[in-house]
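Each of the two complexes below includes subunit A, the first together with subunit B, the second together with subunit C.
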Partner chain A sequence: MAFPLPRGITPSEIAFLAEMEMVTVVPRQRLEGLELLGGPVEPLVPPRPSTPREYYPPAWLHPDPLSLILEVESQHQDYKNAFSPPLPLPGQPSIRDNGLAPKARPQYTPDGDRYFPSPPFLPQNTAQMTISSRDPPALPFHWVEIGNMLLEAASDDLVEADQVRRLLKDLREIRLSKMRAGVDALDAAAVGGGGVALTGVGAMEVGEERGFLSGVVDNLRKIGASKEQARREQMAEQRANGGYNGTQDEEEEEDYMEF
Partner chain B sequence: MSYYDVDSILTDAQKLPCTFELEVPGLGILEGNPGEDIKPGTRIDLPLWLGEMLSIGARLGTSRLVTLDMPPALSERVMNALKADPRTVDLRALAPHFYSLSERILELFEEEEMVDVLTETFKRRAAEISDHAHNPRGAVGDGVDFLRGLDETERQLFRAAHDRAKEMRVWSGEAKKK
Partner chain C sequence: MDIDDILASVDRGAGASAESAAMDHQLLTRFWVAERAVSEVLPWPTVLMDRMMDRVRMQIESIEDLAASSADVPTNNTHNPNLNLRLSILQTDLARTQYLIRSLLRQRLAKLTKYSMHYLVKLSGNKNPLSQSQSQSQSQSQATPSDSVPDLSTVTDFTPLSENEANFVHSHQNLLAGHYSGSFMEAFPRQLRRLDDNAGGTSMIQGPDTKESVFVRCLAGEVPVIVVGDEGEEDIGVTMRMGDVWVVRWEGIKSAWEKGEVELL
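Entry: the complex of A and B
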């Protein structure tokens, strides 16, 4: 059509959004604190050279968790057509502590107000002091973008950067092919029924498949429009006649609620 | 389907076989006989927009001017071929705007089975299109015949999927910006 820009959001725009995510930096030079629009930046003080390095990359950006996720995605029976589950929401109990009450960990603003952080201010992509293996590994929402940018800018600080790069690529491919396989299930979405579950899919992956999937759904809807129309007319007719008993009524009612 | 949508305009121009029910004085120009009358029973291919308008009398209860037939692109033969294997049919040769045309036809005719066949066809072909679009070799290689047979709707899909995959490769630095 005549509109010159591609529909949807381009990869560089998605990467721009991902830049809101918090990462850890170790300063090499001294810098006074800055008052920026997004909030104050604390003064940067380089650590003493003698201090041993005790930072580790984000929990998910290691070869081990990534190969575990890759294995789950490709081998596990339950995840044949699904994506590995996303990180638990803040304040939700993680899968490991079954039955315990949800622990919401509040934080405090400089003025002392209590708040619960939400993305992008969750420390999903910051460096950690220790390698904790309490929670099962999960990919954050911006995993493609953050992974790519960290590999580009800080590959020296990652553990086995080459392997991480390879694993990320494999993961992306297997998840993309799953999303494309979802086209088979889409029929139902067009004529009333199920759909494709995209739980756990990252921003970049959604952005990449958006044009194709929405095109397919739209066209299936157009092809099925006349059938859908006929179905509705038939239902309206039955409703008007009122010639059925109570149990059928309920079924019809439920059916109608789908739209 | 917006007013300025070129594809929608081109769909409107596709031919539909019509049979005249009444005698129309002076309309022989449609048949190639300027100045003559059109006799009842004459079969002429009319553009979709015109055929639709002329046949509309049937809905208003007056005697209609023409009756519509299925266009050859949606004939029984084609439907059987699509049922057998959707991927080998050259939709572009049948009608450049195959799906848009069938949408309009399905509004005019009640053909439940055709809806099912077309839905299944579109799904099977969409999966194939996506595979071809993500293939780095793109439109060269084994898929040429299949890709040549895509109708306009499918071409747009192919383009959307292909461009997106390419933008991704450019962004991640795997491919150079041309």
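Entry: the complex of A and C
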């Protein structure tokens, strides 16, 4: 067998992806710039001791925002069955100014195609120069992995590392139970053109539940195949009669539930 | 940068420019995740892979150069104290990229061997219309299973495979057909020896399941999920908004994925 792994990247591959996240390094020694395959790295120059600069950990990796997120996830009515909103992509309006249309800002690949950057290639986990409180706190996509990595490698640089560790664990449990509780909504993803929203989910959480979720959805689809076929024939008939009403069908599709 | 550098950078081929290195790395990573997430073989990104292979080759050369220079002057550590650190960073980076490429290729080979007949038939459908007439005439004289393996000698368009993959899957299927024939199919009646039998309206060629559910993130402003019917009729289902993560059918977002508007997770 050429490749034994199942469809969809496995947790260890997700951890590998998370290692591509950018972090801030304050160098202790000099190192020339390197041309890596993952992109060029600038020369490392240690900061002069005479001009110390303050660095703060990533905006979300701090007891205050984490306990706020935990509160939202556990208490807030709107998020009883949903994950808290993720960190916005570049060009995406934050929760505060809801209603603004998202303006995706594409980069262009060397072949001229549009490319929208996304985690792990966004600077979501770099150190902060100042503490900005404008944006509401949100978890980045790789929060489980980055949280653990930074706690392991740089716990001295974090504020109240033990508290952070405890909050991350609580968050993980409450979100895992939401994932499990949302199985009822999976029926919507089994229908053609339908889907189940998991917005705000973390990479590792996807990895953990992938096998279960896609197993359930694919089996539901097989069970409902004849029903879907019948509905499609009915739609084709309606269309043939000229009285097809697009909106009516769309409403039916829209009754998805958020997790 | 003087004129020699400029000339050298032209000579080094497609993978030379450092600016596109980061972008290509991101593209390769995203493509790898996508290839791992769906059960069909995605279109081979020829240009991207050519650049990546160029870069990997150059990186290996420069690592060898660095290692050789450190071996020349074993005692001269004051000259470049960070050489070992630099070497190990470069090697780690190289190993990570090589892992990506290896995992990607192995995943594709696994899919190809699983659905080899499906892809051979698909490839033989790519051939230019002029040479199509000859293949039909032999269909009556089937004696061995290997006769049912499509002939790829006239195929020039290997989409979605690369040329090497097409050659691989063709030889693989020929070996398999020879093996089947030698081990048990010789004993079958002549008309039951085909590997692409579709008697009774059921094709025995297994293809990848495009209705499987996948996890996607919407990257463009709005992306609708398409309803794909049997006759290719298309309707619009739910609409994903930027930043949303959804569980949807792969066939429903395939065209959006090709445009780079969604990414697979």
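Criterion: the second predicted complex is superposed on the first by the 173 of 259 C-alpha atoms of A that agree within 3 Å, B and C clash if a C-alpha of one lies under 4 Å from a C-alpha of the other, contacts with A are read in each partner's own complex, and residues count from 1 in each chain.
Here, a contact is a pair of C-beta atoms (placed from the backbone, for glycine too) under 8 Å apart; a residue touches a chain by one contact, two chains touch by 3 or more.
No experiment lies behind these values; they were computed from the predicted model shown.
Chemist: Looking at subunit A, which partner touches more of its residues: subunit C or subunit B?
Modeler: C
Chemist: Contacts for A:Val183 in the overlay, against subunit B (first) and subunit C (second): which applies, first, second, both or neither?
Modeler: After superposition on chain A, A:Val183 lies in contact with subunit B alone.
Chemist: Just to be sure I read the superposition right, which of the two partners does A:Asp156 touch: subunit B = first, subunit C = second, or both, or neither?
Modeler: Touch status of A:Asp156: no partner.
Chemist: Tell me the contact category for A:Glu237 with respect to subunit B and subunit C: first, second, both or neither.
Modeler: The answer is neither, since A:Glu237 touches no partner chain.
Chemist: In the superposed arrangement, which partner chain does A:Asp78 touch: subunit B (first), subunit C (second), both, or neither?
Modeler: In the superposition, A:Asp78 touches no partner, neither subunit B nor subunit C.
Chemist: Would you sort A:Leu34 into first (subunit B), second (subunit C), both or neither based on which partner it touches?
Modeler: Second partner only.
Chemist: Please report the subunit A residues shared by its interface with subunit B and its interface with subunit C.
Modeler: On subunit A, the overlap between the subunit B and subunit C contacts is residues 1-2, 7-8, 186, 190-191, 210.
Chemist: Which part of subunit B faces subunit A closely enough to touch in the complex?
Modeler: On the subunit B side, the touching residues are 4-6, 99, 102-103, 106-107, 110-112, 115, 118-120, 122-123, 126-127, 130-131, 133-134, 153, 156-157, 160-161, 163-165, 167-168, 170-173.
Chemist: Flag every residue of subunit A that touches subunit C in the complex, lowest number first.
Modeler: For this pair, the touching residues of subunit A are 1-3, 5, 7-9, 13, 16-17, 20, 29-32, 34-40, 86, 88-89, 91-92, 101-104, 106-107, 109-111, 113-118, 121, 186, 189-201, 203, 206, 210, 213-214, 217-218, 221, 232, 235-236, 249-250, 253-254, 256.
Chemist: Quick check on the complex: what are the subunit C residues that touch subunit A?
Modeler: Residue positions touching the partner: 17-18, 20-27, 29-30, 33, 36-39, 47-48, 51, 55-56, 59, 62, 82, 85-86, 89-90, 93-94, 96-97, 99, 103, 106-107, 109-110, 113, 209, 211-215, 217, 219-222, 225-230, 233, 235-238, 240-249, 252, 259-261, 263, 265.
Chemist: Which residues of subunit A touch subunit B in the complex?
Modeler: Residue positions touching the partner: 1-2, 6-8, 10-12, 15, 148, 152, 176, 180-181, 183-184, 186-187, 190-191, 204, 207-212, 215-216, 219-220, 222-227, 230.
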